[in-house]
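Same chain, two partners: subunit A is paired with subunit B first, then with subunit C.
For the complex of A and B:
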């Protein structure tokens, strides 16, 4: 029974990362009706930015907590800029194009980011070791062992989900965002600066990816150029399962996916290589049963 | 029954010139080794195509082709024989031509799915891989004639596709895209983990033997020796040609019109009594069959397959070919496949940057020219005056 705690902690950690990624997908979809598939690769960009920040600060001899903070700040700033740039130069010009074109375009943007990291980051083809910045110890409870770093990262991740939720529901900017999501034309007649809200929304969504990327690096101690693709598919899946455009749905979807993976690993340790395959099969069955997600998308189709 | 009064029979020579030009360009591109010369040739071909489009050459060719379909087919056959004769002992060149034809056929299947019917499929490489692994597994068992093995490649791809068809039909838009996307990404994850299918190391496969015609023997015809790859070029060329003809017939039939309606407006289609689901299933099945069949041929030709041949990136490359050729334009797929497959092989320095460049090119095309390089024509109804 000792491993149950381990599985629980691991699942919580993964669920938090997936939830953060899915939240980005659902924010973009809610505001612009687009799937920004490059989101996972923006996360990778964030993780590499964090790595560079840690290298730079440790070369300057800064204390560990400065390195830790620098990692998060560098990741979030760079991903916010990349996200806003993608929305301004690529998504806005194509917003009246067919959804397929948009999806394909963002897939290609993701490929571009992925390949750019692989080709231009020093030794980018190989996985990069991410330095361990958090205290290594842990404590035992019963027969399970809890790592401190995992607990700290889960708390940080859940807190960031809370902050984003607060921004969307309690601030003026969040109100503007929700207004644009509801109806662009009406929002504009009410004096909302559409051209400013959109890039800011994408910056907000993307910086959660940068945050998630840094958490990923700190937890797994290793990052690679291709990690964003699988995270994007999982995040997209989680957002779909929860119902696109629904923040709570995305978070629930993220934890559900992590739960399914963990269940496969815990129940059938010999099949753990197939954990993603099983999780996806179950998810595909789920969306066949509920074609618009668990928490249904609001609104009807205009014909 | 005669054509409109102003309608004169189209002249035939532009068609002859166009086919000869295409054959000559193909041969030159395959043969050139020097990279600067290749760049110049490409620029020259592009300039000639542009000039032909500018001065009505393309329209004249199209008119001639649509009036004389059998002349077109005959000319293509003659041109193909000429190309094969020139390239007869160039193993690498012939392998590339066969690969281009395989990609082109898979992308015609994708054109039926995405271009005609509007179904998204981000797992083309996974369906190709399904066919390839089917051929490998059946080949290891042995005993089955190769024609059965190749067809089973297509059928198993259809079967795997049919497992996805229910979610594809039940869901719409982005929800439907997820299904093939997840399958495309999961395919390699599954293969990497599966020891029975060779894991990351992949599988070896023997060559094709169709009705006693052994594909690994060189051909000797009239004193000339042809490399054994000619066999594969003939087979893939025949399949591509047949696919082109059948897809053309499909597009010109009522089914083609119905597929268009399903793509353009599902609600309107069902209002007019079209069984939307039926036509989606048809298009999905046809495309997956082509992918699986070509995957089986590809596996047999290269003699070796591994999960890394069928990644999500490869699926995106295939979608890029469809976009590059003009979404829904089946003729555009041929030059697009040629460029996408040939260039990285020829220009060694871009081999490494291949995916990066495709991504850039597709982004630019989608922003600047959303219908693809050579847009599909809107259907025209030729009124035949009855007297």
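For the complex of A and C:
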């Protein structure tokens, strides 16, 4: 049972996470035409890095806000490094290979990351409790109750989406990224070092996943080695629905998917275990109706 | 004055067969040097070899005394070479201004970029009107202006141009040649590939005629326009 306000908040939170994940998929596809299926597991790596950072900083007796910031920083740094590494050692060397081989390779890397966490993280097979770092409580507005932590995380998530969007569309690095995405050869003749731009692009796309993983841990207070799988499928779906390669589309797709899930939960509380099934069915219908996604690839939005 | 390009005995192939075989040219600083030749002669391949988009398999190329033979394309551009590529190759999903800004990628000062933008807009007022339009929605001729403008966004020592006036109306082709001449007069060395032989020779200081991957004739415009080879290739027979 829940009120409209709570559903709204919950949907916004999930939509933000999905949108962040979908943005990564769309960035990778836009720049290298690859579907990087390890993306969800990179998110998991980020969430675990955040957890370790919280453990470490709290063991050192640091204040909670430092733990909070350390969680995000650790997650983003590690996922950026992993993403850049995957691009440098796998995607760049294989960039002329058939796309399906690339997809397969990234799926294997994803499995590798996932299994590494399961086997080598202390007690990695079991879900890990993620410490609650944000103020408990909230406030009531009418019949709805708004959790502070949810509001803070939504603001942080939306802000990070904004920052990524700004980087892509308003900075010199973003310009180089888009130039490489459209025409590598011409980008090179303009003096752009594509061998550097591409790993950096993957670092950017991956650290959004690290950010999302940290938000996930803070919001749901629990993470596990397999959490990235479903998030990858949903994020990828959101990216496809929005029109793969289109940043706005990915964001909209993320919120749309969360909206569908929330609708199912709100309308049929007894069926909430099936929210993903319903959401995917609706997405299948949607894709049948608009095979190229909601937003046709359009202008400077594409990376 | 700088911008000396020396291409020495290069061999370039795409798959197996050499497209360029034993080709040598020299671009003298301060000049407009043109490359003439029929379709498929290897003119664009020569440019791709210089920029190492398709690195030669033998021979050597040097720019202002620096060998390019082990360099990457973006570093070669960093030496002060700018390129207006064959077929325009504009970034269709970027605005006109963003296209020009990519051209100025190696220019770090925003002030310098603003000044060059203003200069390009002065040369092509149409681009200023359409600065925020997506380049892919511009007309063919306008796209040619974007491509040329983009190549002018750095102040290069050497400007390499591959058939910039393809698809432009005659009036604009003439304007285009005037632009190239004016750029050269500011001290920029130009390597020009063009199909409009008369207009090209009129602004060039020196020229090479390429046929099947080899230089068959070279000389001043006067020498070239009198040459039987050039006559045959471009004017349908000797007179």
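Throughout what follows, the second predicted complex is superposed on the first by the 295 of 303 C-alpha atoms of A that agree within 3 Å, B and C clash if a C-alpha of one lies under 4 Å from a C-alpha of the other, contacts with A are read in each partner's own complex, and residues count from 1 in each chain.
Here is the rule we go by: a residue touches a chain if its C-beta (ideal position, glycine included) is under 8 Å from a C-beta of that chain, and two chains touch if they have at least 3 such contacts.
Since the model is a prediction, treat every value here as computed from it, not as a measurement.
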(request) Check whether A:172 is in contact with subunit B, with subunit C, with both or with neither, and answer first, second, both or neither. (result) second
(request) Mind working out whether A:136 is in touch with subunit B, subunit C, both or neither, as first, second, both or neither? (result) neither
(message) Looking only at subunit A, is it subunit B or subunit C that touches more of its residues?
(response) B
(message) Once chain A of both complexes is superposed, is A:59 in touch with subunit B (first), subunit C (second), both, or neither?
(response) neither
(message) In the overlaid three-chain picture, which partner chain does A:90 touch, first (subunit B) or second (subunit C), both, or neither?
(response) first
(message) Tell me the contact category for A:100 with respect to subunit B and subunit C: first, second, both or neither.
(response) first
(message) With both complexes overlaid on chain A, does A:276 touch subunit B (first), subunit C (second), both or neither?
(response) first
(request) Using the touch definition up top, name the residues of subunit A that touch subunit B in the complex. (result) 29, 35, 90, 93-94, 97-101, 103-105, 107-109, 111-112, 115-116, 119, 229-230, 233, 236-237, 240, 244, 273-274, 276-277, 280, 283-284, 287-288, 291-293, 301, 303
(request) Write out the stretch or stretches of subunit B touching subunit A in their complex. (result) 114, 118, 120, 122, 164, 166-167, 170-175, 177-179, 181-183, 185-186, 189-190, 192-193, 267, 312-313, 316, 319-320, 323, 352-353, 355-356, 358-360, 362-363, 366-367, 370
(message) Which residues of subunit A touch subunit C once you look at their complex with the stated criterion?
(response) 172, 175-176, 178-179, 182-183, 185-195, 297, 299-300, 302
(message) Residue numbers of subunit C touching subunit A in their complex, please.
(response) 51, 53, 72-75, 77-78, 83, 85, 89, 91-95, 98, 101-103, 105-106, 134, 136, 150, 154
